[in-house]
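First subunit A sits with subunit B, and in the next complex the same chain sits with subunit C.
Up next, the complex of A and B:
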């Protein structure tokens, strides 16, 4: 096989993957920009003969999506913050200490990633309800933080492994406590890792549907996924507005992802290297 | 507190917040949830709550919905994971060799992973809708569908809709993990193999695959468990219908709990799902152990 031929095949295969990855999102965008009067006539054309931003205007002005967006933003940002904080502490301990019961702690975290979460929906509902944490954004933050901490801890561990231990040992020789060394020396070096972990958790919280549906029934505290699903079952023919809302739901996570995806591969590579 | 004791306890201070949270929100509810499996528990019904022993499990034996969901779980999981893995591996291999614009291409092909699950479900449901989606017309054009109709409303075909969405959404996960593993293989191993006269196919079989095998085994196992539990696409795209034809166990549990409010029976089905997944994970671990022993 000649080199040019291999190279062409390689490029062609990659182009196919790019097309497959982007086509559904392209379609979402296309329909969101199609004016209502062309929706059915030109429904399956690749690009409508006219485009409009009307659906976005309608979604922003006449629906509750701005509220859902705000709720999701609060919940996801708070979850990202708390889970990353808890996970950095745990990940740091996994990477720097050998301690009694470590295998158990790691085991508990692994198990928490394996069982069907649906099994705990009912118990969580009955746990949070008397505490006033159902129909509440705080309740969702607590639940999401717990769900996301284990994976985030393993991710943070791999980022800490990439930083030489000598650094905080030197700072501790100079009289700093370990916590001070961690805060002043190590954390600044793990900023990309913290950003990647925070972004990952943010995305996961932004995407969660089932617990949001279950725990929060009032629209005032609905997150975007639950709100969009409610909208879809009520106005299932208003394709333009549904898809405009879909594009809006995609914006923050899409932006986050493009910023952090590099670090995710890096973090996983570091994890793989140490075996 | 003495300094030595403080030092001994230090690791626990770092892990305590995570552990307490996980115990309170996940492990204690897990135990409670398992106990519900042996109780008659209907939400909003104050008369329920009696201990019923194994009644729910006996009920399950005669529940067609359960058996359909179990069969669908196997199909859904096996087909989705096999396709996600196959395409993910190909993509990782394509991205592993340097070419101009690799950073951009990588960001674009990994993008579906960032799309929230419910939104991938909705997007694919719309793609399959003949009014505004192209897929029925394309499938009709290819001769795969007699008429351009929505496969999501055909009980025999509907499960393929969520599977398509799941494959699209899950390829990046495998590609990212496998790419990370590929990039950690030292390049000199390939050079040495090439010097010994090994062609690309032989290098792939003798160098790449054995070195990837541990990553493959663990990611496929974790992913299988994860996909088996993943109800969202089905809930969003078909709600388990038409006529429960596309329920998998986890979406069936969700339906039992939130539409019928039958938490007792839902928990019993969930316990069975958990047992099946544990058995599967244990089997994989044993198999892996046997394979490494032999090697």
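Up next, the complex of A and C:
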């Protein structure tokens, strides 16, 4: 009796949380499907009396959104790739090696995370501008990779630390070099960690607005968060198209997590040691 | 098969020496146990031999070749880890094939070697399983299989049985011994368990606090321990240590009573303070009238016999007996120490004096 009760309470709490978390997404979808003439006419309702895909058509045909979308995809994928690769190497070294200056490197990486980005936008701009890296996707990739790598490295370090050192030592006794041990034994076990880190970095780059807005002014190299602002004009906000663009922007992130979710499941290292 | 020679090997992780002046010669085909309490440096010594750690000083030679700077993969040694360290994403077959694939042996040869080793260890039915689907004992066998399939120069074991229950441990002790007899390969076996060291090893290396205390056959260490550490580590119940004085005439006096007589040793001051070591099973119970009277404190039956806790003045000692006569706590009994039983140690340094 009391057990079913606690279980029901548990389920209720979870449902409440999920509803709270998903409601904005629902609202995004609802507004994106609401025809313009009903946008303000029906007051606040959970679902409009008529739905339309017009906003989606308009976004895809008459705005530069497909271009922004493509830019975002390039920047986020490249950032995800580079930052995860760098973070894996750093995280592995932090978890396995003792070397001079290690505490310093870790300290500097921590400190780099402490500044509000607004403060450093201007210096970064001054730095990138003479290098021709403003108004460029490459510039964004460089900046995003630099700012995401420290946290990603700490994340990867914790994943490596969860893998017993014995495993690569066993591989080295079995005739592998350290690198072969890493590739054949450690890497397959780190896939969940790589997926999680890659997902984290990808999402961070995907939704970044400040640098994208400040470093890139030309539409040809705008990412979609900056592009979304284009729906805000001096006199009105085109909510329907903005929300439609927002829904479209959710798709790759959703697809990405769908793709990696099987790596996110736990228990891949179960059975390595006595357990 | 290989000889392993360590000369003046030391190791320091930065917090003081972990190993000091290790000199050791492990002969071809020998089964050597590195025995000592937890934290004394056994694993470190084994890992130095394996090449997983670099020595702070000294030389390590395998078959006469200096290997200080040789990578683990090029030493051709197999190691069985305490944690087993099975590759969790590989099946038993893949685990056992790993080293052979690494050497690029032909597939047919790999299959033959793996299946041969699996048959030897009773793993044939488990070859396609992943480690997480195995019991602790089965994982231990796979770890053994991964080592023997390679036919290495020597085997290194780091407390391979410490995660098994008592019965399985006893069985694996026997099986490892049997494998060693069949394969005849040099083996270095780390253990903190004196029973494992006693029952399995050709020679025991007793290690304490980073230094070798004594090297010898199990019986030799048991009968002739070089110091208090070795004397106290081997044997269960452990050796009794009593504060005694040794008179000029060879009388060993404990708490005012002469417990035994030894041949008067040369070079000891008269009435020298000594630590008297007595193995519980060498002592005998008699009647109080014709030997030293002691009081029974407690009686512990062990099945084969009884451990009797005795009080001799302010000191305590244990005696193991298979005598079945009734004994009650508080009762006074006689303690008899046969000639040859007393071992004498210097109370300061702990080294054996007689």
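FYI, the second predicted complex is superposed on the first by the 232 of 275 C-alpha atoms of A that agree within 3 Å, B and C clash if a C-alpha of one lies under 4 Å from a C-alpha of the other, contacts with A are read in each partner's own complex, and residues count from 1 in each chain.
Here, a residue touches a chain if its C-beta (ideal position, glycine included) is under 8 Å from a C-beta of that chain, and two chains touch if they have at least 3 such contacts.
Bear in mind that the values here come from a model prediction, so they are computed numbers and not experimental data.
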Subunit B versus subunit C as contact partner of A:87, first or second or both or neither: first
Residue contacts on subunit A - larger count, subunit B or subunit C: B
First, second, both or neither for A:174, with subunit B first and subunit C second: second
Contacts of A:108 with subunit B and subunit C, given as first, second, both or neither: first
Contacts of A:166 with subunit B and subunit C, given as first, second, both or neither: second
First (subunit B), second (subunit C), both or neither touched by A:130: neither
Those residues of subunit A which subunit B touches in one complex and subunit C touches in the other: 268-269, 271-273
Subunit A - residues contacting subunit C, complex: 164, 166-167, 169-177, 180, 184-185, 188-189, 267-275
Interface residues, subunit C side, partner subunit A - complex: 50, 52, 71-73, 77-79, 81, 83-89, 98-99, 102-103, 130-134, 136, 139, 146, 150, 163
Interfacial residue positions of subunit A with respect to subunit B in the complex: 10-11, 13-14, 17-18, 20-22, 24-25, 27-28, 31, 39-40, 43-44, 85-87, 89-90, 92-94, 97, 99, 102, 105, 108-109, 112-127, 142-143, 145-147, 149-150, 153, 178, 203, 206-207, 209-210, 213-214, 225, 228-229, 232, 239, 242-243, 246, 249-250, 253-254, 256-258, 261-262, 264-265, 268-269, 271-273
Residues of subunit B touching subunit A in the complex: 10-15, 17-19, 21-30, 32-34, 36, 41, 43, 87, 90-91, 94-95, 97, 99, 103, 105-120, 122-124, 126-127, 131-134, 137, 168, 171-172, 176-177, 179-181, 183-184, 215, 222, 225, 228-229, 231-232, 235-236, 249-250, 253-254, 257-258, 263, 266-267, 270-271, 273-274, 277-278, 281
